[in-house]
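Next come two complexes built around chain A: one with chain B, the other with chain C.
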Partner chain A sequence: MLTKKQRRINWILVVFLLALSIFFLFPVIWMLANSFKGDAAITADMNSIAAFIPPAPGGGFFENYVSILTNTNFVRYMANTLFYAAILIILGIVVNGLAGYALAKIAFPFRDQWLLVIMMLLIVPTETVITIHFLIIAKAGLLNTIIGYILPMIVNPFNIFLFRQVFVSLPDDVYEAAQLDFCGPVKYFFTMVLPMSKTVVATVSVFTFLNVWNDYLWPSLVFTSSDLLTAQIGLNSITSNDNTTMGQTLAVITLVTIPVIIIYALFSKQIVEGVTSTGSKEG
Partner chain B sequence: MSFITFKHICKRYPGAETDTVKDFNMEIEEKEFIAFVGPSGCGKSTTLRMVAGFEEITGGELYIGGKKMNEVAPRDRGIAMVFQNYALYPHMTVEKNIGYGLKNMKLPADEIKKKVDWAIKILGLEEYRYRKPKNLSGGQRQRVALGRAIVKDQKVFLMDEPLSNLDAKLRVSMRTEISKLHRELGATTIYVTHDQVEAMTMADRIVIMKEGVVQQAGRPMELYDHPANQFVAGFIGSPQMNFFDVTVKGDQMEFSGGSHMTIPAEVLEKLKGKQGNMVFGIRGEDIRMDAQSLEACGKEQMKAVITDTEVMGNENNLYFTFGGAQAVARVSKYDLHQMGDEITFTFVPSKMHFFDRETGVNYVEA
Partner chain C sequence: MRKKNSIMGMAFFGPALVLLTLFLFLPMLLTLGFSFTDYFALNPELTHFKGLENYVNIFKDELFVRSFFNTVKFVLIIVPLQCGGALLLAMAINHAAHCKKYFKVAFFVPVVMSLAVVSTLWMQIYSPEGILNTLLGNLGISAQPFIHSASQALPSIAIMSVWQGVGYQMIIFLGGLQNISPALYEAAEMDHASSWKKFKDITLPELKPLCVFVFITVTIGAFRMLVQPMVMTGGGPDHSTYTIVYDIYETGTVNWEMGLASTMAIVFTIFVVVLTIIQNLLTKEKEGNHADKKAKAH
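Presenting the complex of A and B:
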């Protein structure tokens, strides 16, 4: 049972957090409301509370969206990004997961030092290595290819560390029991370790998705062909086009934002877990 | 030819200064139930894990079914194991847990089902078939672990303190269940426990270990009645055997409190003229205070005052101080001695043990 004092503190907290979330939601609500309007209406509503109220549903309500989805390649960009994210999630779990497993459970020389090196890589910002990545990918002739885009994104020290932290607490006797059940090490990893660590797999998947979805710099360097562009680059090319109206711009931004909001809503538990188990957040 | 043979087995962990298991030699016959007992850190689990192949054997040779096993992978040793913490696969149902090994053996599906059904039936797990381990009690989990071991038809069962996580009552019932399973399946079993009662009740033979060295191996009653040294004498049996520091001079044994008695001729013969300081050991039930025994021993009667009593229901334990040591006598429940009563007692001559003060060797059994 909460005491009266605790309850009052709780109330103050709730009010404070509500105010804070409204503050952060302001631009999002504004964006959403105006994405259904024509440019004239947006300008007219600009300085009133009407700027936060969507127009009454009726003919032309989805006009901005329809024109974005039919007149631009945006659907294609979204599909591309989802495809890259799916591949990177699978490869990322396998590669970083195996690395994390080795660091957690397999004895090899200088294991702890390796772990330290990988943890130190966490401090290195992506931007400092991106030139090197670019040069390597260019030398390999992989510019403007999916492989060229994906390769440097697979290995992620943050995810290795995350996996390692979870795997290190897996009981050894389960592996021993599995060995006596004729389960080899590779099979053990895929049929036991990963299913036993569903939470970290989900966390890594969510982080990978957000990373791929929100990444701007790397795809903008690798891709030149418009067929391969990601949603963020597509967003930029659409909004910087002089023919795009303000309403269309807001509609396309909304489209880019929605998946992220859905992911955060569905997987907030995993995201929090990812942040709290390592004390840092990436992407 | 025995079924499992340990030849000078040693284990030394990397960087350690001494062997965790020292020169372990044993021959285990097919279908035998062997218990390894000893206090924690005595090397019993390490020895078991060397049989399983989870610990490297650093010296000596291990044979199972006549084949040298030192370098053979655990899965190819023909063993099944039950772990202390059950080691179930948490994301699989009871049925899948039990059938997992069979599936990996690539048995046909109907045969797997038949075997799993059989295991689930004899372990009484029918209603838990589709549950996951986290929804099972400790006893049920241990049954699943047993099921996983028995379905594979392996010749050797290894059990590493399988009952230590269960409550006392469950432990007793699981004990009988494991014994029954062993009788029915006839697999050669090595059972590690720190609980001497488990070892006494279940095993055909017991191996008692201390600090990596086998102290004695033999049938339960052999160990109980003829302990090779003071450690074995003290480890087997509850309450513990009573020990008194005594000095033997001629045919006289003098307790540190000053009382002394004449050593019976049959014991004196076994002592083979050993004299001097030693430890005298006698079990609680071999301290007698009935008229018949007292009469038979003639003058050699001791006296002490009861300091505490324990009513066990089926019998009573009487505690008293004698010869500078705390001692306990086990008497019938109809014995109505109270705290503070003076008792007169004597020892059963054939059950008297004399141990070396330094090495603990039992002179009477040597």
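Presenting the complex of A and C:
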């Protein structure tokens, strides 16, 4: 199909992009390769191509990883974060889902005005209110507690709006049939509405997980006790410890990234669709 | 029926409404209220109403002015590099006939990493005896201080941020490029249009709403810069990477000067809201034109 000239241009382009991608990824390649080395080897390899090649597998290959997993609180931080994410996914789906359903299907007073308010809240950046969140949680005596961390994060105007957009197109006759069945509205929501909307439930869950996993400022404000830290804050407390070697630092940041990579691998379709649709919907 | 609807509506909307009130409406009102006072959270009894005094004073405050201009510098470096880079990458990948999938993943990898991870990694990359200085040394360039010097810290962090973020906008642009009808290009080819002409007359106009969206979201993102300097430099050296949000955070939660922090937060919010409104106006208008053109073409 392509002419000879086009084919040549294509190959130049592909080779250029390949070279660019390797150059672009050099920090990541360096991180992975050296997370398996001791600091002496990292320094010794620095000035050769060996800096980008992992050492030969053998005794002590996983030493940095083993020492992070056994000598630090890191496993605890990971477990904490997974626990917070699970709670926030469940509470977030219930609270934001119910609100989205009310805005979509129940003709309660001032519904349209509330919808407008929710849409306006989408503009407000979190930085505007985060110091006041800190003040409220501190005054309530909830600093350094799981409840204090979780409470301000449950409600999310964007997720309410997302649920509303999906629920609005659900057929009404199913609801009417459910009513004849003496199925209460709340039961109907959990047994019919949510199972019929698996895609939006998955999207909200994935984005909630990523948000909890990657969040830095709020957990760093709320938590002071080492037992409650999230992975991101814990990572900072491990790497800023003087006894942590460079190889161990690289191993920690690799470990923190692994769960996110798994999520992206499993849900890449939803995530990419989410990314491109925010562009096309708002743009 | 109406009564039943209002009870049910409140039962469903209620939990969200309580939380919205506690953690959005109330904080927004408090921020606005505090911004006119000298509220000091450790001694609230001594609060005085100051009117607009804070709003005048923060622009006389050397540190806030410094953080404001630092933030502007971040925006000025990040926005053109990230938007332009993402568009160029997307167009190149869209053109390439091979390895498309690999390219998409490769340039997206840093997006997957968190800000704290990327910052920690690049502290090693940028270290005086680090890999970047070693690579530069091989090219005959002397060692650079990067994040350890007041003049290089800000550009170093900005370039790292572009590296991390560019893949996200690249995916958005790729989505947009794939939505352009191939018929447009075929028609241009019949007219023997040059590549540049095709880019200028087809690609760019078709992508315009998306460009506005990307431009504004990247601007807002750069405006919110905080975690990278917090992890890498602590705002230094010599406050050279101190940003507006960093100042809000330290004034409010470290010094407990909620009055001043609230004033800064309000100024910051006004900037973000104005940018968002501009984006909405521009894209709405463009979409309108777009629809008109399409209607005329048919």
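The definition used in the following text is that the second predicted complex is superposed on the first by the 244 of 283 C-alpha atoms of A that agree within 3 Å, B and C clash if a C-alpha of one lies under 4 Å from a C-alpha of the other, contacts with A are read in each partner's own complex, and residues count from 1 in each chain.
The criterion applied here is as follows: contacts are C-beta pairs under 8 Å (C-beta built on N, C-alpha and C of every residue); 3 or more make two chains touch, one makes a residue touch a chain.
Bear in mind that the values here come from a model prediction, so they are computed numbers and not experimental data.
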item	value
Chain B versus chain C as contact partner of A:236, first or second or both or neither	second
Partner chain in contact with A:246 - chain B first, chain C second, else both or neither	second
Which of chain B and chain C A:196 touches, first, second, both or neither	first
Touched partner set for A:216, first chain B, second chain C, both or neither	second
Touched chain A residues, chain B compared with chain C	C
Touched partner set for A:128, first chain B, second chain C, both or neither	second
Which superposed partner A:31 touches (first chain B, second chain C, both, neither)	second
Which of chain B and chain C A:258 touches, first, second, both or neither	neither
Shared chain A surface residues [contacts with chain B and with chain C]	none
Complex interface listing, chain B residues touching chain A	52, 54, 73-75, 79-81, 83-85, 87-91, 100-101, 104-105, 148, 152
Chain A to chain B touching residues, read off their complex	171, 173-174, 176-183, 187, 192, 195-196, 198
Chain A-facing residues of chain C, complex	2, 5-6, 8-13, 15-17, 19-20, 22-24, 26-28, 30-31, 34, 41, 92-93, 95-99, 102-103, 106-107, 109-110, 112-117, 120-122, 124-125, 129, 131, 134, 137-138, 163, 168, 171-172, 174-176, 179, 209-210, 212-214, 220, 224, 226-227, 230-231, 245, 248-249, 252-253, 258, 261-262, 265-266, 268-269, 272-273, 276-277, 279, 283
Footprint of chain C on chain A - complex, ascending	2, 10, 13-14, 16-18, 21, 24-28, 30-31, 43, 46-47, 51, 94-96, 98-99, 101-103, 106-109, 111, 114, 121, 123-125, 127-136, 138, 151-152, 154-155, 157, 160, 185-186, 189, 213-214, 216-217, 221, 232-233, 235-236, 239, 246, 249-250, 252-253, 256-257, 260-261, 264, 272, 275-276, 278-280, 282-283
